[in-house]
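Please find the structures below.
One chain, chain A, links the two complexes that follow: it is found with chain B in the first and with chain C in the second.
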Partner chain A sequence: MNEWMQQHPASIGGLVLWAIGLLWLMPSGKSDKARPGLPGILLAAAGVVAFCLGAGRGVDTLQSEVMFWSFALTALVCGALMITSRNPVYGALWFALATLGTCGLFMLQSAPFLAAATVIVYAGAVIVTFLFVIMLAQQTGSAGYDRRGQFGIPAVLSSFVLLGVVVYELQSAPLQINRPETPKVAEVGGASGSRDGGTMTSPPALPSPDAPINPPPPPSVPALLSRATPETPVGSMKGLGRSLFGDYLFAVELAGTILLVASIGAIAIAPRREEGAL
Partner chain B sequence: MPELLITIITIAVVVGAIPGVCNYLILLERKLSAWMQDRVGPNRVGPLGLLQPLADGVKLLLKEEVIPPHVDRILFLIAPGLSVFTALLAFAVVPFGPVGAEGAPSFLRFIIAPGIDIGLVFIFAVGSLAVYGVVLGGWASNNKYSALGALRASAQVVSYEIPLGMSVLGIALMSGTVNLEEIMQRQISGGFAAWNIWFQPLAALLFFTASLAEANRLPFDLAECEQELVGGWHTEYSALKWALFFLGEYTHMITISFLTSILFLGGWHLPGIAEPDSAYPLAWLVKLLVLMGKAFFFICVMIMLRWTIPRFRFDQLMELAWRVMIPLSLANLLMVMFVRHFELSNWWMLPGSGALFAAWGMISASLREAERRSRPGYVRRKKVDAHHDGHAAGHAAAH
Partner chain C sequence: MSEITPLNYEELRSLMVAAGLFVLGAIGFLTRRNLILLVLSAELMLHGVSLSLVTFGKIHQNQEGQAFTIFVLTVAACEAGLALSLVLALYRQTHSLDIRLWSELREFDVPSPVSVDAAGASSLTSGYEGIPMLTPAGVQPRELPKTVNADPKRPDRTPV
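Now for the complex of A and B:
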């Protein structure tokens, strides 16, 4: 960890700057007036730039670079706007846009099904439900407590610690994943980039722009998702389904059971008609 | 770059054609409504009233744009655009003609984005975003009627998305793909007996009903019902912004009609006329017209349904989705799985669908009876009913 921190001062500094900027931008508790936003925006932007430069990623074709950065920036900026927005409805909408940006990234990773499913579940259902509740709750303008960020410091602290740990893990830990023997199946197409494809057995490697960019891999299920058979095409529903209901059948069933139990529980604790609900 | 050029041309043609088509669909709706009600309908502008849509369009363009002072301006202006945008975006993966037909000019591709592997899922994803236009429009208007309409719309769309998606899962299982072109191709190469409607009549019914609800068409138009909510979510909208909402709704209708024709009625296949091997000149044009004709038929059905089935009450609407359509679509999916797993003939699904429908009808009737019996006021109610029945019977006997 120490070694990694010394090697990536820019990433760490960037993360810290980013966190402080966000904290500054968050709606504050004391007054109803917003702080001037500019310093926060500048800090956060500088932090993001430093972090991205420090983390580094493989260089790709111009087209996918442009796409990646526009989607990534959409997701990041909208995410920041979501937690700094003083109007809950706008917050929910920025959340929707951040989700769409993330789905664009999924698309770039040739996981169109994941992207579509995320749009359906998050943008289409979850956020609509949020909007529903917010609209019910605020018939007459937004209340004071709606305009305030709750627990700003712990939230920012914990989320950025989490982000730092994730980045550290992604960059330094060798990926220990069961892979098929054919090495080229393991590459994920190089757009997310902080992993150094093809050197899975090597010690923690710094991704550098001049790292060998593997030739465009033959279509395959993303390595993180599956022990793929080489002929299942990348990101296709067939590949994803085979992976979910083959390799990860137990986990999927477990998740399904938990969801089922949760929904039964929700029905059980919801008040019944005789108890005065609707 | 010819590929890119073709794409741009196709987009331009579709985006250009859809508003015009929608305009004339409104005329069709007014004419059909008039005929159903024994009226004449618009007949003043041009021969048979055929120029009425142009006059309407000009009127909408020139009308005063009213933006009430109490609205949330940004969202108020974005909402109609969103509604059109999502409706048009869903059309991107819908093949609207004989894709890859021989003899057709190469610049006619009949689909904006060919070869999308997740075609159907994409349509559902974009369709699930369509509710934002309604919800934001209703909320930004800062008006009680609008807010109520938006609330109803969001609850309705979120609920009906589930049967909408689940009803076509059976077809995805049968075809082994969710790519619309491939689903269509499978039915076409199989001939008349391979149309999905023979195997999935119940799914067709569920899909069509759920998509009517998604499009806010009449039996399900609680979000804008005039008698209760003035205009629902678009109460505060005027002129072109109001028209954009309706452009979105009619585009949705077109997409639904094409989807129903493609998923269940064999796309451009018509026995004897448009077969895959029909080679007479301009066969591609006939195929195009066949598909358009099927879509047109469904649009007419939707318009006529408007004057056939009265609007639901909101609890009935929710009950229909959660207690009828979702269990039925699940059962239908299970049936497809069963047939596929035991490698039975697909034809088992035809009687199976009928049996499911009948069984669910009986179950819900008896459930309803049981629920009525468990109500606290049942006895009193029954007495009233008995009185009524007796009265009616006596009346009938007297005649």
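Now for the complex of A and C:
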């Protein structure tokens, strides 16, 4: 523990700064006049930067660095603003921005299809529905329960202790990954070999046509179609489709059933006009 | 064939951002009192989990992380739909989105988890002070408080 604290001062300082920024931004409700938010935002952003710098440095390519920092800052700072906004409408909009940042990070982790799907589902559908409900249910502006949180300090302290433990585990005893030989395709540029989605980074290097295709190692798990191959690198539509409709076909059917049941349930639960409008 | 190496810094910081998103969602879930913001905070936690899954999938060169994330997305969409209709149904009964109004569901002999002073006296009043807050069923009560009637021009439309 002590060794870790000496080796990673950036992580500790980042966590502390971030927590202080969050506590500053938290709605206190003592008076209607809110604190100015800018110092809290700056503290939280500085904390996020220091926290991420604790992972180590190194420049892969300039584009990927710039994109990682902008996306990570967007996701985490907008998340902090979302959970501390006094107006739920602004909270929902900050959540949309945090979703966009997360989708950028998906893109960097070679998941372009997932990034697009998340933007469509969350920013397109979920946020609009939330905004409709907020406008239906809360037409009089911010209410008293929005201007005043509960358990602010204990919640922030315990949650950041949890985050510190996770980061300690990740940094002090790094996971030993058994890396297969094939990932050469997806490592370059971080945007995978899919030509349809990874347009934001440098174009990935395609495998040379005479590259030997390794025979797959003996299966330790039954999911065979999910493994990345040079033809289907991680995140490519073809590989994802093979995984979903090969290994996880039953799960896809179950997901469809869950969607059906949930939509029927939502219609059944929602209040109807003759029972009393809002 | 394969080599065993520790995480490099890109994977490490992606996992750390994912953990940060999860913790932010947890803080929001614990500290906010608006029902809608609670659901949104749960969605933020799901974002953190999804980012972790995608990163693990890339680390192990496996499509399973992204396949699982698609299922997470599906369940999150179901959850959002159900949660919003529940929020509307709950709002119909109290005309407020305060989560503390629903601490009344506990047993009678269990003390309230939050003292009234900390909650603020004004926030604990609902529009249905006089009548028991059960699910409306059967014949409607004849007299309702004035404030409950949402539309005074049409007294025949009562919100219960």
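Here is the rule we use: the second predicted complex is superposed on the first by the 148 of 278 C-alpha atoms of A that agree within 3 Å, B and C clash if a C-alpha of one lies under 4 Å from a C-alpha of the other, contacts with A are read in each partner's own complex, and residues count from 1 in each chain.
We adopt the following convention: a contact is a pair of C-beta atoms (placed from the backbone, for glycine too) under 8 Å apart; a residue touches a chain by one contact, two chains touch by 3 or more.
The model shown is predicted, which means the values in this text are computed figures rather than measured ones.
Colleague: Tell me which partner A:L259 touches in the superposition: chain B (first), chain C (second), both or neither.
Modeller: second
Colleague: Of the two partner chains, chain B (first) and chain C (second), which one does A:T129 touch, if any: first, second, both, or neither?
Modeller: both
Colleague: Going by the contact rule stated at the top, is it chain B or chain C that touches a larger number of residues on chain A?
Modeller: C
Colleague: Pick one for A:M26: touches chain B only (first), chain C only (second), both, or neither.
Modeller: Touch status of A:M26: second partner only.
Colleague: Determine, under the contact definition given at the top, whether A:A117 touches first (chain B), second (chain C), both, or neither.
Modeller: So A:A117 meets both chain B and chain C here.
Colleague: Considering only touches as defined above, state whether A:M237 meets chain B (first), chain C (second), both or neither.
Modeller: The first partner, chain B, only.
Colleague: Of the two partner chains, chain B (first) and chain C (second), which one does A:G13 touch, if any: first, second, both, or neither?
Modeller: neither
Colleague: After overlaying the two complexes on chain A, where does the chain B footprint on chain A coincide with the chain C footprint?
Modeller: 113, 117, 125, 129, 136
Colleague: What part of chain C is in contact with chain A in the complex they form?
Modeller: 1-10, 12-17, 19-21, 23-28, 30-34, 36-37, 39-41, 43-44, 47, 50-51, 54-55, 57-64, 66-67, 69-71, 73-82, 84-89, 91-92, 96-100, 114, 118-120, 122-123, 150, 157-160
Colleague: Of all residues in chain A, which touch chain C in the complex?
Modeller: For chain A paired with chain C, touching residues are 18, 22, 26, 29, 48, 51-52, 54-58, 60, 64, 68, 72, 75-76, 79-80, 82-83, 88, 91-92, 95, 98-99, 102, 105-106, 108-111, 113-114, 117-118, 121-122, 125-126, 129-130, 133-134, 136-138, 143-146, 148-152, 155-156, 159-160, 162-163, 166-167, 170-171, 174-183, 186, 190, 214, 217, 223, 225-228, 232, 234-235, 239-240, 242-244, 247-248, 251, 255, 258-259, 261-263, 265-267, 269-271, 275-278.
Colleague: Which of the residues in chain B end up touching chain A in this complex?
Modeller: Interface residues on chain B, with respect to chain A: 75, 116-118, 121-122, 124-129, 131-132, 135-136, 138-139, 144, 147, 150-151, 154-155, 157-158, 161, 165, 178.
Colleague: Which of the residues in chain A come into contact with chain B in the complex?
Modeller: Within the complex, chain A contacts chain B at residues 89, 93, 96, 112-113, 115-117, 119-120, 123-125, 128-129, 131-132, 135-136, 139, 236-237.
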